[in-house]
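Data first, discussion second: the structure below is written as structure tokens.
Should a chain be cited, it is by its letter among A, B, C and D, assigned in written order, with residues numbered from 1 in that chain.
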Amino acid sequence: MPTPAAPVMSAPEVSAYLDEVFPQIKANGDSISVMDVSHGTALVRLDADERHVRPGGTVSGPTLFMLADLAAYAVILAHIGRVALAVTTNLNINFLMKPEPGPLDATATILKLGKRLVVTDIGIRDLRGDLVAQATATYSIPPREG
Amino acid sequence: MPTPAAPVMSAPEVSAYLDEVFPQIKANGDSISVMDVSHGTALVRLDADERHVRPGGTVSGPTLFMLADLAAYAVILAHIGRVALAVTTNLNINFLMKPEPGPLDATATILKLGKRLVVTDIGIRDLRGDLVAQATATYSIPPREG
Amino acid sequence: MPTPAAPVMSAPEVSAYLDEVFPQIKANGDSISVMDVSHGTALVRLDADERHVRPGGTVSGPTLFMLADLAAYAVILAHIGRVALAVTTNLNINFLMKPEPGPLDATATILKLGKRLVVTDIGIRDLRGDLVAQATATYSIPPREG
Amino acid sequence: MPTPAAPVMSAPEVSAYLDEVFPQIKANGDSISVMDVSHGTALVRLDADERHVRPGGTVSGPTLFMLADLAAYAVILAHIGRVALAVTTNLNINFLMKPEPGPLDATATILKLGKRLVVTDIGIRDLRGDLVAQATATYSIPPREG
């Protein structure tokens, strides 16, 4: 099996870049941290609270989508550098369990790193390690200069 | 082609119910209105503003996801009544254009109204009528009493 | 709402081209016809028979996938010409009813015609007009010469 | 992380059952084998040949879909027993590389084993171990007797 490429940005560098290009995340009060980046993967944590729940008191679908999409963005930034204008073209998400508020860990893995498209898989787990959502996201990468 | 069922709740009734079960939407300051419900469809409008943008100044993916998911929820409520605990099991979204902030209209259509699963299609258009995102969402419906 | 582009190939031209580049379809004995192409759409019919059924006697998922994928290919060919190497990058399909063998009509509609990606929606209906499956497919288009 | 359940059918038992309920696979001449089943996973191999190719000489999308769908079916049978009428409700597939004809290995993993819905992830690799397609499939399980 082919070895994934090494990251070109560290977890703190990706975090700082997200703060810079997505000031809304902090303005919105969301607590999101890039915990780790490694060969082909990134781990992003959200501390979900009362603002993220839906009827029934569990974390809402849009919150899980946002976390999955952000983890995909983080793993792409980590591996190809500062491309703020990379955009999601498709995201498919399966909601498997209804998580309680609390820390949620999204692990994004690069499935394909093409010149124009990057395909990623994202699994979101709660503190017990239960898989609460699984997604695949495709990002379109703007042309880069030689 | 079979005729879709008539709605059992009106647009204002769905709006009022959403306000009741999703107080976060208003608390978050989002301006979302159920504009219309009809046989098998619902029209939900979001006034996207600066809080909804991503790098590049266009409306973010999570915002479009939230609107698509909410429009699907609205069309289901409108046709089967107050089932707050209906939950999304799968949502697939294609992002087609990067919309500017402003009014975005999501039209959700019921593709299948089963006893346990409801499948919906959602198209989101900007003021010019351009299709900016398209999604399909599946909801699981909790058992109802006879 | 913007007017979709006019097709550049007729239904018989798309049919003849499919026969040329996909000889397996005929070799496999499948009866597939491009019935119509129009602004942004194509209609492709499959006569599903005993070879296409699954346990329970209804038409199998792979058969419906194949029809959806082929209808997407047909609408793309019809609108951008002979690009045999256009390839599916993503296909999401919802199976809504279990159709009996017999004619199945797939209507493919172009949602976005980009330079690199084309996004299509496909609805498959049986003879009664019931929607049996709905799909969205993204194709990657190889670079074309000026 | 929770331990997945042990399978209730062996690989040869699943193979024999597939031959029984899907006689078309053999009639069609497809060479498909259930190689292994384990806690929460199944490995299914297809020997793709000339009948499975598309323009360009690589294995077609419908072939990869069929393999993904069958591997999902196999892992479900292996873990809940002979439920021929389990049906796919949704399948999302990303095509990552264009594989040459030859052996293709699909590994299906159960993400959620619910009473009514089973969600699976499927990765398809070629002989070199390169990931050529990734899919998620949801199956609806008919009610079982106590």
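In this section, a contact is a pair of C-beta atoms (placed from the backbone, for glycine too) under 8 Å apart; a residue touches a chain by one contact, two chains touch by 3 or more.
Treat the numbers as computed from the prediction; the structure is a model and nothing was measured.
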> If you tally the C-beta contacts, which comes out ahead, A-B or A-D?
Replying inline: A-B
> Comparing centres built from CA atoms, which chain ends up most distant from chain A?
Replying inline: C
>> Report the inter-centroid distance (CA atoms only) between chain A and chain B in whole Å.
In response: 23
>> Using Cα averages as centroids, what's the distance between chain B and chain D in whole Å?
In response: 33
>> Taking the mean of the CA coordinates per chain, how far is chain A from chain D in Å?
In response: 28
>> Residues of chain B that contact two or more other chains, please.
In response: 89-90, 92, 94, 138
>> Which residues of chain C touch chain A once you look at their complex with the stated criterion?
In response: 89-90, 92, 116-117, 138, 140
>> If we count contacts the way the header does, which residues on chain C are in touch with chain B in the complex?
In response: 1-2, 92, 94, 96-97, 111-112, 119, 121, 125, 128-131, 134, 136, 138
> Residues of chain B touching chain A in their complex?
Replying inline: 21-22, 24, 27-28, 51-56, 60-62, 65-66, 69, 84-85, 87-95, 98
